[in-house]
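Dropping a structure here in structure tokens format, bear with me for questions.
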Amino acid sequence: MAYIILILLIVVIVAVYFFKKKLSLTQNKKINERFFVSLTGLSAVFIIVFIGYLLLHIFLLGKGSLSWEFLTTPPKDGLTGGGIFPAIVGTSLLVMIMSIIGVPIGTITAIYLVEYAKENSIITKSIRFAVNTLAGVPSIVFGLFGLGFFIGVVGKQMDVVEANNRISKMERVFEQQGSPFADDGKATGTEIQQLLEKNDKEYWLKQTEKIKILTEIYGAGNPIPKAGAMKFFKERIQPNWGQPSLIWAALTMALLTLPVVIVSVEEAIKTIPRDLREASLALGATKFMTILRVVLPGALPGILTGTILTIGRGAGEVAPILFTGVAYYLPDLPKAATSQFMHLGYHIYVLATQSTNVDLTKSLQYATTFVLLALTFVLNFTAVMIRSKIRRRVGNNN
Amino acid sequence: MKSNIKISTQELNLFYGAKQALTNITLDILENQVTAFIGPSGCGKSTFIRTLNRMNDLIDGVKITGKVIIDGIDIYDKNIDVVQLRKRIGMVFQKSNPFPKSIYDNVAYGPRVNGITDKNKLDEIVEQSLKRAAIWEETKDRLKSSALGFSGGQQQRVCIARCLAVNPDVILMDEPASALDPISTSKIEELVHELKEHYTIVIVTHNMQQAARISDYTAFFYLGELIEYDKTKKIFTNPSNKKTEEYVTGRFG
Amino acid sequence: MEDIKYNNEVFEKSELETNSENEENVNKIKINRFLTHKPLKYGKKFYFGEFMAENVIRIIALFSICSILAIFYYVFQEATYAFKSPKVEKVKAETTEPENTGGELKQETYGASSSESESSGELVQETYGSPSKKETDGELVQETYGKTSTKESGGELKQETYGKTTTTSDGGELVQETYGTTKPKENPGPVVEMSSTEGESEQMSNSEENANSEKPIDFVKIMMPNDYVDNKPTYVWQPISEVPKYSFIPLFIGALKVTLIGLLFAAPLAILAAIFTVAFAPKWLKEIIKPAIEILAGFPSVVIGFFCLMTLATLVQSVFDTTFRLNSFVGGLGMAMAVIPIIYTITEDALSAVPNYMRFASLALGASRWQTAWKVLLPAAAPGVFAALILGFGRAFGETMIALMATGNAALVSGNIFESVRTMAATIGAEMAEVEFRSIHYGVLFLIGAVLFAVTFSLNALAEFYVRKKLMKKFQGQ
């Protein structure tokens, strides 16, 4: 079939070529004009029709599974049923933390670029180049950075600090008055358990299993030497920060979306007339006052647009979070910054490629995809609405 | 009332990069008088008025030599605090440029950035400033609505009120009525006349009738140089320089 | 006089005496009560808040530079683990420790977090519970992908060899555990029902132990053929095998293939559409086309990947009758979708930046609109179009999710566009979650990341400096 199309195409081109040779220059020009205008027009229309088709296609195939329940219940039966609630929550948490971190930094950078930096100074040029590079680096590289730096360096370091605290605390507990270790430096497993439960209950309570193992190592009922117990626990300190989690994923995303904020805020600030700044300065306001009271309010629509665009981007990007915190299934919603989380985009990926039965979940997949797409759309739409509203408020009758 | 010298410039030169925009300007501006700067466009009168509150500092590549002395202080001295200076020298711009805020917030802006937060005080300042700028009657019911919703002339008077709220000694006006209709213009002119009782006013205008109507002293600028500076009456009736005569009689400009 | 000017009390008094009845004057006086100025004097005030704010802003503005440098540093730094023999961080299984149960293993691990992981582990047991089902996992996947064509078996086999790491979810779960610094040698756990996954994980950890004993890579190795198939030297990417083989060639060629196919479709479409919007379209149409294409830019790449995987792949297979359902052609089409908005937007910007007088001059000389667009607009905007292509190339080259979902992920080296490929970015995406922290494989994946970073970085720099300079020259006639 492909060959037939190809041959047809060649025939048409050759025919047109010979046909055109016979025409006069003006006729030729006219035909050229028509041909190319329709060719370019067709490309534009093709893209748009395709976008429409994509949207409709995803909606139609997913609509069977779309329901309120789908949005508000967790998946069940090994991801072959149920809803996507945890993924929605995870995505929202991710973008929330991301924008709380990223938007202020982006805004301040934009303010610096427009208000403080001298155009053409080396610093300004380097910042601009850095921002452009940030925008161009593949998202997977951000993921690598998140893993290598946030988790591998920052997180691990925090864990070391935390572990040291725990160990020294345990040491204190072991040595305190009335500790079973006090007399002969040995204690039984039950005694250790009681001791730990009394102190720092919430953390060491989780160690019950370990104490069982500890007891088994030394044999039930046998006393355990303090040094042995310490060594045992030391080796089993749980990593808390040095593992993929919500906070690291959000930080990685914040970095990834930084250019989006910077660009839209910068654009907004640039539209604030010079007059207003001068008026403010002429009234005896300092530069920072002027920025705070004139520039920043004027940039508000830009900041909002930037935030919303950032959120749209953050909700859709999957690559950077693949190994910085996303999980393909979690029964619980994330509780802390160090929890892992589910993500709509990753959920689609998992359903489409890792599922045991792709056909069974087809409509679920389309529904999830539709939700993600709709989310992106609603975000963009709100962005436009808020922007126009603010403009109306600021501009009033203008 | 005997007039003191309020502002005095000495051998003032201003360069935009390599281009000289003002050449050896030396003049004294008297207290509680209206001084008008006239001249064809591009003659440096706007540039000159902006040197009086150091607004030209904001433009990259501007170099100034010479002295501008206000109340005996050289404002281009290294030790001068520009922020303090600008509180003393108010400015009204060519294009009315109210902040995209309410009338109230516009007028209260200056006092606020100067640290006044007391609501009652602010209310009073706003009311008095608007009254002084002769726009209180028109705005008192709409204090909370956006300043951008008013007409150009009203906006310009709000800008004047905003400037008055900081209580400056000197008010610089850079063609304040150039974009306004005749009625608004005459209102602004009346206002200038009233204000001169308490303020030293410097006004740039390209409208010679306006200069003749409202000013006590007039300076004629041409190609970045001060050609003639004298009592307005003398400039318009009996100028000593030929260029001035040609200009005020409308032969060029 | 001086007193009246600067001391409001005095000012007020003297004025009040003269015009006490005049209300307006009273008002005028009142205003001066609040804001008083000391006489102007030499000496700068130090604005502490201003000073602090300015410096804080300055420091934060440097953040983007720092982050780029940090990314640069850490990606390359972690890549060095590919060239080092890994430190054997394994804690020798304590002889005093008789039992090392499955649960235990989980708690010690790196990837799983405390209670959640435990419960998720339980859930995995629950849902994929029966061992029989688990065993058929791979088969099931094979079925779903495979049933469209029987000829696929070859490709499917490939997929299966990698499949252990990528497609079986249980494997993935367990493999995460190998992040752990302590790695148990054997899991004679009492957890019977997990036996099949356990087996898998054992296999995994075995192979990774091999990886531990394996020699680090070097730059020559990753470029040279590293295997023989039918007595011909071939390039093989096989990180999880008896002797891990890391050849960059198949990945690089894969990425290049997908990117070029993507550009081949995206570039003409996007550039023609941009010409249409700038040169021919009426205003109302412009206002539909531009936002619509921007909408496409907002499409998450995972959605595009999903569409390619589910719909486009089937379509392509039925039209071209291909052996592999997922291949570089499908991936390329996906890339085209991702890249069209980029090329379109930048080209459109460049075209509309061409000064109007050029257009009018051409039209006035009797050129048709198309001639004007083709001979005046396009050449004038050529550097911009070039930049658009470069940036589009960079985007497609580093795109992960589309490649991961739509290219088949088999690292084959061939010129056939209907064969599966594995791109560099997709390799990182698929394998990174399962490697041991700072092992050789980990380092190799970072090395791929470093190459990606370097490639996109230089493309960006090229677009930024070279193209901008050219544009400036063109329009300013310097």
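Order of writing sets the chain letters: A, B and C. Residues in each chain are counted from 1.
By our rule, a contact is a pair of C-beta atoms (placed from the backbone, for glycine too) under 8 Å apart; a residue touches a chain by one contact, two chains touch by 3 or more.
Note that this is a predicted model, so its numbers are computed, not measured.
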Remotest chain, chain C as reference, centres from CA atoms: B
Pair joined by the larger number of C-beta contacts - A-C, B-C: A-C
Interchain centroid distance [CA atoms averaged], chain A/chain B, Å: 53
Inter-chain centre distance, chain A versus chain C - centres from mean C-alpha coordinates, in Å: 11
CA centroid of chain B to CA centroid of chain C, Å: 56
Where chain C touches two or more other chains at once, by residue number: 47
Shared interface positions of chain B, touching two or more other chains: 83-84, 87, 110, 114, 166
Shared interface positions of chain A, touching two or more other chains: 286, 289
Partner chain B, residues of chain C touching it in the complex: 1, 5, 24, 27-28, 30-32, 34-37, 39-45, 47
Chain C-touching residues of chain B, taken from the complex the two chains share: 4, 70-71, 73, 75, 77, 79-81, 83-85, 87-88, 110-111, 114, 116, 121, 124-125, 127-129, 131-132, 164-167, 169, 198
Interface residues, chain A side, partner chain B - complex: 118, 273, 275-286, 289, 293-294, 297-298, 393-398
Complex contact set, residues of chain A against chain C: 1-2, 29-30, 32-33, 36-37, 39-41, 43-44, 46-48, 50-51, 54, 57-58, 77-79, 105, 108-109, 111-113, 116-117, 123, 126-127, 129-134, 136-145, 147-149, 152-153, 206, 209-210, 213, 216-218, 235-236, 238-240, 242-245, 255, 258-259, 262, 286-289, 312, 315-319, 322-323, 327-332, 338-340, 345-346, 348-350, 352-354, 356-359, 362, 365-366, 369, 372-373, 376-377, 380
Chain C - residues contacting chain A, complex: 47, 49-50, 53-54, 56-58, 60-65, 67-68, 70-71, 74-75, 77-78, 91, 94, 96-99, 103-104, 107-108, 110-116, 119-120, 123-124, 127-128, 133, 137, 140-141, 144-145, 166-169, 172, 179, 182, 268-270, 272-273, 275-277, 279-281, 288-289, 292-293, 295-296, 298-303, 305-307, 309-311, 319-321, 337, 340, 344, 368-371, 373-374, 391, 394-395, 397-401, 404-405, 425, 428-429, 432-433, 437-438, 445-446, 449, 452-453, 456-457, 459-461, 464
